[in-house]
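Presented sequentially are two complexes of chain A, the first with chain B as partner and the second with chain C.
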Partner chain A sequence: MLKRDESKFQKFLNGLKDNFSSFISKMRQIREKEKEEIALFILACSSILILFLITVFVFQAALPAFKEIGVLDFLFGKSWSPGYGRYGAAPLFFGSFMIVFGSVILAVAIGVFAAIFLVEYLPRGTADFIKPFIELLAGIPSIIWGFFGLVFVAPRVADFFDLPVGRTALTAAIVLSFMIVPTIVSISSEVIEAVPQQYRRASMALGATKWQTIRGVVLPTAKPGIVASIMLAFGRAIGETIAVLMIAGSVPLLPSPFYDYLDPVLPATATIATEMGETPAYSLHWHALFALGIMLFIITFVVNTAADIYVRRTKRGVIMV
Partner chain B sequence: MNVKNIRQKAVPFLLAIPVVIVIFVFIAVFLFIVTNGAGAISWELMTTSVLEGGIYEAIVGTFLLLGGTILIATPIGLATAIYLVEYAPKGRANRIITQALNNLAGVPSIVFGLFGYAFFAIFLGFGVSLLTGWLTLTFMVLPIIVRGSQEALLMVPASFKEAALALGATKWETIRTVVLPTAAPGLATSSILGMSRVAGETAAILFTCSVFLTRGNPHTIFDPVILLTYQLFVELVTSPGATYDRAYAMAIVLLMIVVVLNMVGYIIRVLYRKRMKW
Partner chain C sequence: MVMEELPVQGQKAELKGFSAVLKEKRNLKNVELMAEESVREEKKLTLQAPKIEVRDLNAWFGDNHVLQNINLDFKARTVTAIIGPSGCGKSTFLRCLNRMNDIYPDFRMAGEVILDGENIYDDGSDVVSVRKRIGMVFQKPNPFPKTIRENILFGPLIHGIRNKDKLDEILEKSLKAAALWDEVNDRLDDYAFDLSGGQQQRLCIARALAIEPEVILMDEPCSALDPTATAKIEDLIYELSKKYTVIIVTHNMQQAARVSRWTAFLLTGEIIEYNATETLFETPERKETEDYITGRFG
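The block that comes next holds the complex of A and B.
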């Protein structure tokens, strides 16, 4: 009698224990799941936090410059000579845009056609063999591009145009175009590859030649992606610092006439890199350099967001970038 | 032969020109560095102190910088990728974080330099130091690592995860024991590409962690560091006209670091894709 009771009690106890431990483990599971998800979420948010901190801290350091110089005088002032207390950023941004404009035109001419050739005309194996080299081209550090431009490209530009010094906006645009070609080639070729094969076959079946098919069907379908790749390349080009610093000539003046690509220029990025080291902290010059930085940040932010919106708007379920 | 036919034949040749230009430039850059660098580089130069005209500390400093950066950036990047792929594949959180990463990827490296200087060096008081460099570059390479890791995680077949879940594994256990090991080669590739980006970076390290000369290697993480890129920069920008022997030597070392890292990343990716037969 007593024995039976004991075993019953034992059973009950065991059951309770089982229930309890399964309850505990379930609780632990829930808690653990939440803990991990929360931890991952917090880490994932660090990119948002940093973007926010960049805005706040660069803007804060730039603010005194905007206050003292005035936003309009800073943006449109035609003279940048910190030694005389003149902080007009127009020549710097004009220099930046000049180089970027030239390099994007060159890079698009080379990159888009190279992408078409890789995807449409080369056998797949050959294209797959060439692609890693183009990716490697994107990985070459900008200081090495600058070195190459300084010693190899600049003397040739000087010879060709009969200039005393080969460091000009054109030199920088040429070298920069090779730095952004890989961006255009790799994204464009991906997008062109993504155009469904039926589209091409339908066009060919109607009697179009291969080139007509590419021009009339493939490129229009791939256009959003190609445009996005060009915008991203533009963003990369405007932020490029070291290579353009070394080969653009570093003269903070507007070229005359303004379209003269054989004049030296000083892009905004290069200004920050060269002048930051020799400037006492918290001086007006120091703040003005941060002001250049926040302008660059805003420009690239707008371009990247625009590229994003453009791709999302024109995406019709065919092309994904 | 009519006009259409001629055009049809001519198009491939015309289109080949840009590809030939790209290949030509690729070869030109490599030949330029390699032919000039081969004569300038020597084991002696690589092991001699910067103070005596060598590049020893610059090589050590470069590896210290990229090693530390990747140790900080990989966990953050991987966590972000896991969260985006496994926990929040859709919805607002995913959209906002992806957007932030895209914008972070577009920030010019010189602006990262300004930010690192203003925030880590001055505001947090880390000074011009290895630590400031690590933290600044971490957020510069974060988008690269996240994107690469996301791709690697997305390539893990759903059936693998379902099998683990069916055996009673929790979501986290599944990620830890099935998803991560399967995706490991892809994850490694993304970190390696991030390292290559750090090795070649110049603009962001100018005012955050590098000095031209200092005695020996950094003793603590609060010491500044000598880097190949910065040595090259100073040599090329502030003393033009001098012989470029030392510069060529540093350029070839830098190029080799970048090429080797890229090749390793590429080979891992290719082998991984070949092995994948599910």
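The block that comes next holds the complex of A and C.
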């Protein structure tokens, strides 16, 4: 009786020991795994933290400007002349908007059709040969684009429209569109290529022509991806500084009439770039430039979020990036 | 000796299996044939000229001679099955019938495919109108990533039908013809991918019917479906054959026996045997056919 109990106890003890050692080794595994996870977590957080700190800093630097000038006066004021204490940012943002809008329109027209042509009409080998060259365009530094605009595009715009100076919103939009076309072409062509062949075949079998197939099936299927490429291009366009600074004309006035693309403009990014160096730190002017930065930040954020929501809302079976 | 005998026994069992299927089918048909109308229909059919005549068809992919000297008549308003092992060229052959091979750059062909007396490969022949008259259903259900309504109306819209009433009528008619109307009529604007696999395939059939074709080509339409969905599609094929000429490619011989009136056996790009389904499965003329349907290879 006692013996049996003893052996039972021994068994229990052994079992406990086994369990314990396995428990320890498990703990060790968990710890090692955790170490990796913690490291990754810290790294991931730091990137978010950096982003967060930038936002906080810029907001902080911009806040006095909003306080002193007033949000409405800042946003809708029609005159930007810091020398006279006038900080109306409307002409700057309108300038940015004109250039970006114009360039995105041009770039979509060129880029999406180029992508369609590459994927649907060119033989594969030729397309694969041409694509790297288009992507190379994206790598050209913006200062080079500025030069190109200054010596090549601006004189031609001046000649064509009979203007005294070729540096206009239109010139900037044209050059900027060249700069963002590669983004649209390379992403759109990948998305179009990813549209399953079976959709094309189904459409052809219904008697659709090639163009009907592209318009009716391929493009709608690829739409979210194409929209994403346009948004990326938009992001690049709105942040572009040097090239537009060189060729937009740098006049901080609203064009008259407001749709006149042949007027010179001064986009917000270019304003920050030119004026920041000559402004005493913590002056109102300095704060106002940060306020411009915050507005650019908000615009990009809103556009990106809108695009994200759009892409997320689209249904299954369509191609995303 | 023993090696020789064993398969023969198996083969007899197999043949019996087929005759069971065929018998069942004949019984079904006999019931229907009792209706006088059907008998008249039957007589008319036998007198009719073939819907599609294939003359000396040869086809190549690059240097690969995939179809060799094919001559075949497809009877109107009946189901013809094309059977054969994988890679024998049956899908390629099917695609020759609505010029779907045109999209492959290394495809070449010679010969004629005559639809109602006109060669669809003539220089003057319009590929769009050929495909409008000869619809196609693919192996894997491939609805467009659109709603049910948009899927069905895609064909009619590209062929220029704009009248809303007419479009609604086509929508209902095609879905009814594909036996899908009852399941989807309250959710026509739902996304096509929310349907089950079998429903998606019937949607594809309805989409093909919406352009009012005369011939429907089906390329292994059930190979991606479960048995229940397969049975539904097979019933549907039988229904469709009352109005349309149906040509179905299948690697499933039971299916061919169940749904078709005529069967062609294709092997390495050649038509080995073409006959009434009953005859081909019960008393095959050629050794290769017998070997294939008894499962000795394939």
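Everything below uses one rule, namely that the second predicted complex is superposed on the first by the 288 of 321 C-alpha atoms of A that agree within 3 Å, B and C clash if a C-alpha of one lies under 4 Å from a C-alpha of the other, contacts with A are read in each partner's own complex, and residues count from 1 in each chain.
In this text, a residue touches a chain if its C-beta (ideal position, glycine included) is under 8 Å from a C-beta of that chain, and two chains touch if they have at least 3 such contacts.
What you are looking at is a predicted structure, and each value in this text was computed from that prediction instead of being measured.
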Three-chain arrangement built on chain A, chain B and chain C clash or fit: fit
Touching partner for A:Ile105 - first (chain B), second (chain C), both, neither: neither
Comparison of chain B and chain C by chain A residues contacted: B
Which superposed partner A:Gly293 touches (first chain B, second chain C, both, neither): first
First, second, both or neither for A:Ile116, with chain B first and chain C second: first
Contacts of A:Gly239 with chain B and chain C, given as first, second, both or neither: first
Contacts of A:Thr209 with chain B and chain C, given as first, second, both or neither: both
Which of chain B and chain C A:Ser142 touches, first, second, both or neither: first
Shortest span in Å between Cα atoms of chain B and of chain C, once chain A is used as the common reference: 9
Common interface positions of chain A, toward chain B and toward chain C: 209
Chain A contact footprint on chain C (complex, rising order): 98, 100, 103, 105, 128-132, 135-136, 138, 140, 142-146, 154-155, 157-159, 191, 193, 204, 207-208, 211
Contact footprint of chain C on chain A as seen in their complex: 123, 196, 198-199, 201-209, 212, 216-217, 220-221, 315-318
Chain A partner contacts - residues on chain B that touch it in the complex: 4, 7-8, 11-12, 15-19, 21-23, 25-26, 28-29, 32-33, 75-76, 79-80, 82-84, 87-88, 93, 96-97, 99-115, 117-119, 122-123, 139, 142-143, 146, 170-172, 193, 196-197, 199-203, 206-207, 229, 232-233, 236-237, 240, 244, 247, 251, 254-255, 258-259, 262, 266
Chain B-touching residues of chain A, taken from the complex the two chains share: 29, 32-33, 36-37, 39-41, 43-48, 50-51, 53-54, 57-58, 60-61, 109-111, 113-114, 116-118, 121, 130, 132-137, 139-148, 150-152, 178, 181, 185, 209-211, 232, 235-236, 238-242, 245-246, 269, 272-274, 276-277, 281, 289-290, 293, 296-297, 300-301, 303-305, 308
